Amino acid sequence: MSVNRRKVLKGAAATTALLAAPSVLRAEETIKLGSILDTSGIFDLYGKPMDKAVDMAIDEINTDGGIAGRMIEKVAYDTQSDMALYTQYGQRLARQDKVDVVHGGILSASREAIRPTLRKNKVLYFYNVQYEGGVCDRNIFCTGITPAQQAEVLVPAAMEKWGKKVYVLAADYNYGQITAKWIQHYAKQAGGEVVQVDFFPLDVADFGSTITKIQDAAPDMIMSVLVGGAHLSFYRQWAAAGMNKKIPMASTVMGAGNEHVVLTKEEGDGIMLAYSFSKELDTPANTSFLERWTKRFGATDDVHELAVATYQGVHLWAEAARKAGSVEREDVIAALEAGASFDGPTGKISIDPKTHHATFDVHLIEVKDQKMAVQKTFVQRPPVDTQTVCNLEENPKDTTQYEIDI
Amino acid sequence: MDYSAVVVMEICYAIAVLILISAGLAVIFGMMRVINLAHGEFLTLGGYAAIMSNQAGLNIYLSILVAAPLAAAIFGFLVERLIVRFLYGRLINTMLATWGLSLAMIGGFSMIFGNTTTGIATPISGFALGNYQVSGYNLFVIAIAVLVIGGVYLILKTTRAGLVARGAMQNPEMAQAFGYNTSRVYMFTFVAGSALAGLAGGVMAPLVGINPAAGAAYIAKAFITVISGGTAVISGTLASAGLFGFVSQTFTFLATPVVGEIALLVAAVILLRLLPTGITGRFLKDKV
Amino acid sequence: MLRETAFSAAIGLAILVVAPLLFDDIYTLTVLTIYGLLALSLGFIWGFGGILCFGQAAFFGLGAYGFAIASINFADPWIAALVSLIIPALFAAVLGAMLFYGRLSDVYLAVVTLVVTLILFKFMNSTAGNAYKIGDARLGGFNGIPGFDTLTLPWDSSEYLINESLYYFCALILLLAFLGLRWLLSAPFGRILVGIRENELRAELVGYDVRLVKTLAFAIGGMLAGMSGMLFANWAEIVTPALFSLSQSAEIIIWVIVGGAGSLLGPIVGAFVLGALKFFLGQQTLVNNLFVLGSILVVTVLFLPRGIVPTLTPFFKRHRRRSRAAGNGKRGRGSRRRARHAR
Amino acid sequence: MHADAILETRAVTMRFGGVTALENVDFRLENDELRCLIGPNGAGKSTFFKCLTGLLTPSEGSIYLQGEDCTGIHPHAIARRGVGIKTQVPSVMNTLSAHENIWLSARQAQSSREANRTTAEVLERLDLEDIAYDEVATLAHGKRQLVELGIVMAGRPSLVLLDEPAAGLTGEEVERMVAVIHELNRDAALVIVEHDMHFVRSIAKTVTVFHQGRVLTEAPVDAVMADPAVRDVYLGKRA
């Protein structure tokens, strides 16, 4: 199927290329980096800082002399938190703007909306977001943290501290479902027991009955995979009932949208997390990164995991392009598979050639006083979940997003 | 035993929330036959007002109970004068115009406040009910709902203003003939409805947090509750909030929150199929 | 009549053929055409049947999901296309029968259609688990269904309808739908439908089964919306629960009212103009898109309650054809109100 | 049992909540008969009409059309059995033309071609040809009454119900109405609710008097007008 389609596309691309000859010449001068993010609408609390991160990374690369002497130019579209617009702008980036690489996409649905388009048009794609894992596609690099990378660190640590009975609350979509499975997997491995898993659609904001149910089950700890603005209410209502003093909690997502700053100290304190980035990570690289961010944008209030992943994603791509001496898709892929790496605020980040997912440091974190205090660092964790299903070295033609069965 | 007490309290709480979020819409619909589809954003506005004034140092109860309804009332006044008053008697047109207003307000909120969810901590701590921890703020919400319903009832039944309002709504020409300015009555009614929406937003803010699109979660439920209740403000809202609160919480406890929400919606469809003009369109006709 | 139809067909064809030359972005043009069909479906039942459906997105979503699911399960995408027409039409017929045989009108009708859409939205959103499967198709919950096979040329199953060919296919369907509805409105069924919009009671008292006629019109509207959903699925190559969302329904209503509910052309124009506007607003960050759309709706309702096209028409057409069954939305509402009082 | 009447009601009772609007109404109308219903406001005449057209279903009792039990069937089904009604306030399709209004009624049971012919005929009989293509909403009250009558005629009914056909008409228009009514009566039985006794006298032979939801009396028009009980009802002495 895709063969024929590609043929048609090639034909169409050739005709338009003829018509657009002058712009091809201009493209020799600058490198076009396509950015496609929700910088308005309900997901803009993720998208806006990511957009800033793209700008900052591009400027830094250009200040360092660009890539092989060529400067990078950003071509950005705001998808307004509307999935239909991803398809539209994705096509535009690939077919009209003819960018050399695309960074962006936030929700998994948005990534899936543009991934086929970019693959068919042979435009390299970087998805720099924490997500459920399992995408196996040679054209895409996923530099965000995946569930197993968090759960393998978080679950044993939390169980050791608090006890064996775990109650899981998860957002009812792909990410939540898959992360919940990994939590169950690692809980069992550590000799514990998951007493109950409850799923909540993303717009549920009333958790009264759930809090009662949890008390009825009397677990030793809660694992929260609750996502987004509505689910934030859970932490409030949990604290309002006084439960935060009775049953401790760990989470794989809380804090990714700076939830720990929105919540008060009383509501947030003591929640255990695992991320690759924390503002409180005390390394020279991170300190310098935050200083540069402050200098450019005034404050670091909005920096979060996804913004840093995006920043590192852009740099990682640039590093590979420099090594390859080209921004051609195949050259960049080869350089990344050969171990191109970037030393960013979270430490070293490189690509696992089998899965095109990233390997980086993961930190165990505790929320203290609206800050993410780093407890312990686990160096260079590979994407173990995607590795169980994906091997691009053996099947380079694979394009599936696998649902990992544990 | 403790468990059933907690469940009963949760059901009461669910009903109270429905009453609170619907009251403003019900007053406006019942009295003026106007559906304010920006109602959800009026709630959001109340929520922002409460959060902002609290962050500015105002006492939390004053923020919730005074600043929130006041802000919504002022905004409601502007909306009535600038938009709604040109559309009286055109139910569908008011719905469309206020829907537009609702979208514009969501856009406006995002431009002003950004899309981050903000909130304030609940001012009342939890307490133990037997073996269970229960949120004390839930009781506060229930109390406010009771006060709101009681207040609206008293105003409509016993005060002169309520009498004039009821009269003007039932027969504008006659009220006008008696020398009452119906335009002003409509205006006050709309402002009062807006204030109730703002109050609800303020009361809910500590529980659910506010973001620009937060109103969308309420408007559908409030709309359904009010229409299913019919045009009688008090008895209609009480009846449908009671029914839907009970149904949704029961199903939430038996299954999951989604099942609870879907049960509420299915109940509404069945109800309207059986009683096409709402509960009070069929029963309790002469009640307020 | 025939000559006029041929004339408008020719003009429509010319516009749709020329459009790609003027508008360099065929991909966006395609989706605008699809939105045009969606707006047309609501414009028909609202403007001519007097049925304001707050849940047109439900049929749109069902068409899109119907296609995606059927395409995964059946080898031939054209079978899937057929399925994606039948499902929304049937669903609309059943829902319509429930509404109209239950004598629901106005705001009550609005509530029920809205609630049904919400139920579908919430349901689709909570189908992320493995158990939600139709045949080989996982429903996917919030993330939707990606990666289904799209339409191919009927005579050559290896050539996909993409880019230009997809656009021309969509444009053709839009044109056919437009002409089909024009014909329908001049046929007895359409005239009866307009009569019912004008005075339901009277139509009933001369012996028309109002419930049946409205149900049929509603089903036709549902089918057209489903068809646009099917095309959308082909265009986007992914379907998500957002298709069922309240904001999707809102957008359809805004297209129709801004374009003008009393004509068939109005909704299409509304969809094209506002769809394009939304697309261009995405390229700037100064003003929030929702703010602009919402303000446009408020201003339209206040100052142009009949919409763009019916307001402009008199300037082009000095005198109306006298026997035409067309009216305008505003008056229609008034007489419906009277009809209700009479009952 | 004698031949089936075109309309017969047996013990029709209609209650709204606690209020009884009709009580045990027995009414019989022969083919080709023309009957007037009179009675003070609130006597139940309009409710009775609503029951006959199916807009209301009687709480008790039954309604027979040509011997067939039609209680509780839907208004459009009753219309299809040949019952046409002109309501008190003209119920027409306001933004459509007179032609379209009448055509829609004719088209219900006729083919399009036949309906065209019927429409032309009706327009001619009612002398509405010059305004046939005007929007009905723009017509004068009297013309709208005629358009509604045209709608009724085009359906070729066998039973016509007229609710106050003379209300609001000028003297000349009343005369025309009387003529139309007589013409209608050639093919159909009629029941006419009317207050204007003068008008009643000029058209009806038999009159049925409603009072407080019951049939008070049923007699030739002159006898009714001489009946002191009827006069009391109208003047309210017994009320």
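The first chain written gets the first letter, and so on, giving A, B, C and D; residue counts start at 1 in each chain.
Just so it is clear, a residue touches a chain if its C-beta (ideal position, glycine included) is under 8 Å from a C-beta of that chain, and two chains touch if they have at least 3 such contacts.
If you're wondering where the values come from, they're calculated on a predicted model, not measured in any experiment.
Visitor: Remove chain C hypothetically, without shifting anything else, and describe the chain groups still held together by touching.
Guide: A, B | D
Visitor: By mean C-alpha coordinates, which chain is most distant from chain C?
Guide: D
Visitor: Looking only at C-beta pairs in contact, point me to the busier pair out of C-D and A-C.
Guide: Between C-D and A-C, the larger count of C-beta pairs in contact belongs to A-C.
Visitor: Centroid of chain C to centroid of chain D, CA atoms only: how many Å?
Guide: Spacing between the chain centres: roughly 42 Å.
Visitor: Please work out the Cα centroid separation of chain A and chain D, and write it as a whole number of Å.
Guide: That gives a centre separation of 75 Å.
Visitor: Can you give the whole-Å distance between the Cα centres of chain A and chain C?
Guide: Distance between chain centres: 37 Å.
Visitor: Using Cα averages as centroids, what's the distance between chain B and chain D in whole Å?
Guide: Here chain B and chain D have centroids separated by 48 Å.
Visitor: Listing for chain A: what residues touch at least two other chains?
Guide: 40-41, 172, 199, 201, 203
Visitor: Which residues does chain C have that touch at least 2 chains other than itself?
Guide: In chain C, the residues touching two or more other chains are 122, 126, 288-290.
Visitor: Which two-chain combinations touch?
Guide: A-B, A-C, B-C, C-D
Visitor: Would you mind writing out the residues of chain B in touch with chain C in their complex?
Guide: Touch list, chain B to chain C: 35, 83, 86-87, 90-93, 95-97, 99-108, 110-111, 216, 220, 223-224, 227-228, 258, 261-262, 265-266, 268-269, 272-273, 276-278.
Visitor: Which stretch or stretches of chain A touch chain B in the complex?
Guide: Within the complex, chain A contacts chain B at residues 40-45, 48, 172, 198-201, 203-213, 215-216, 229-230, 232-233, 236-237, 239-243, 246, 257-259, 262-264, 266-267.
Visitor: Provide the residue numbers of chain D that touch chain C in the complex, in ascending order.
Guide: Checking each residue of chain D against chain C gives 53, 55, 74-77, 79-80, 84-85, 87, 89, 91-97, 99-101, 103-105, 107-109, 112, 133-134, 137, 151, 154-155.
Visitor: State the interface residues of chain C toward chain B in the complex, per the touch definition above.
Guide: Going through chain C, the ones touching chain B are 52, 98, 102-108, 110-112, 114-116, 118-119, 122-123, 126, 246, 250, 253-254, 257, 287-302, 305, 333.
Visitor: In their shared complex, at which residues does chain A touch chain C?
Guide: Chain A reaches chain C through residues 1, 4-5, 8-9, 12, 39-41, 77-80, 82-85, 87-89, 91-92, 95-96, 107-109, 112-113, 116-117, 172-174, 176-177, 199, 201-203, 401, 403.
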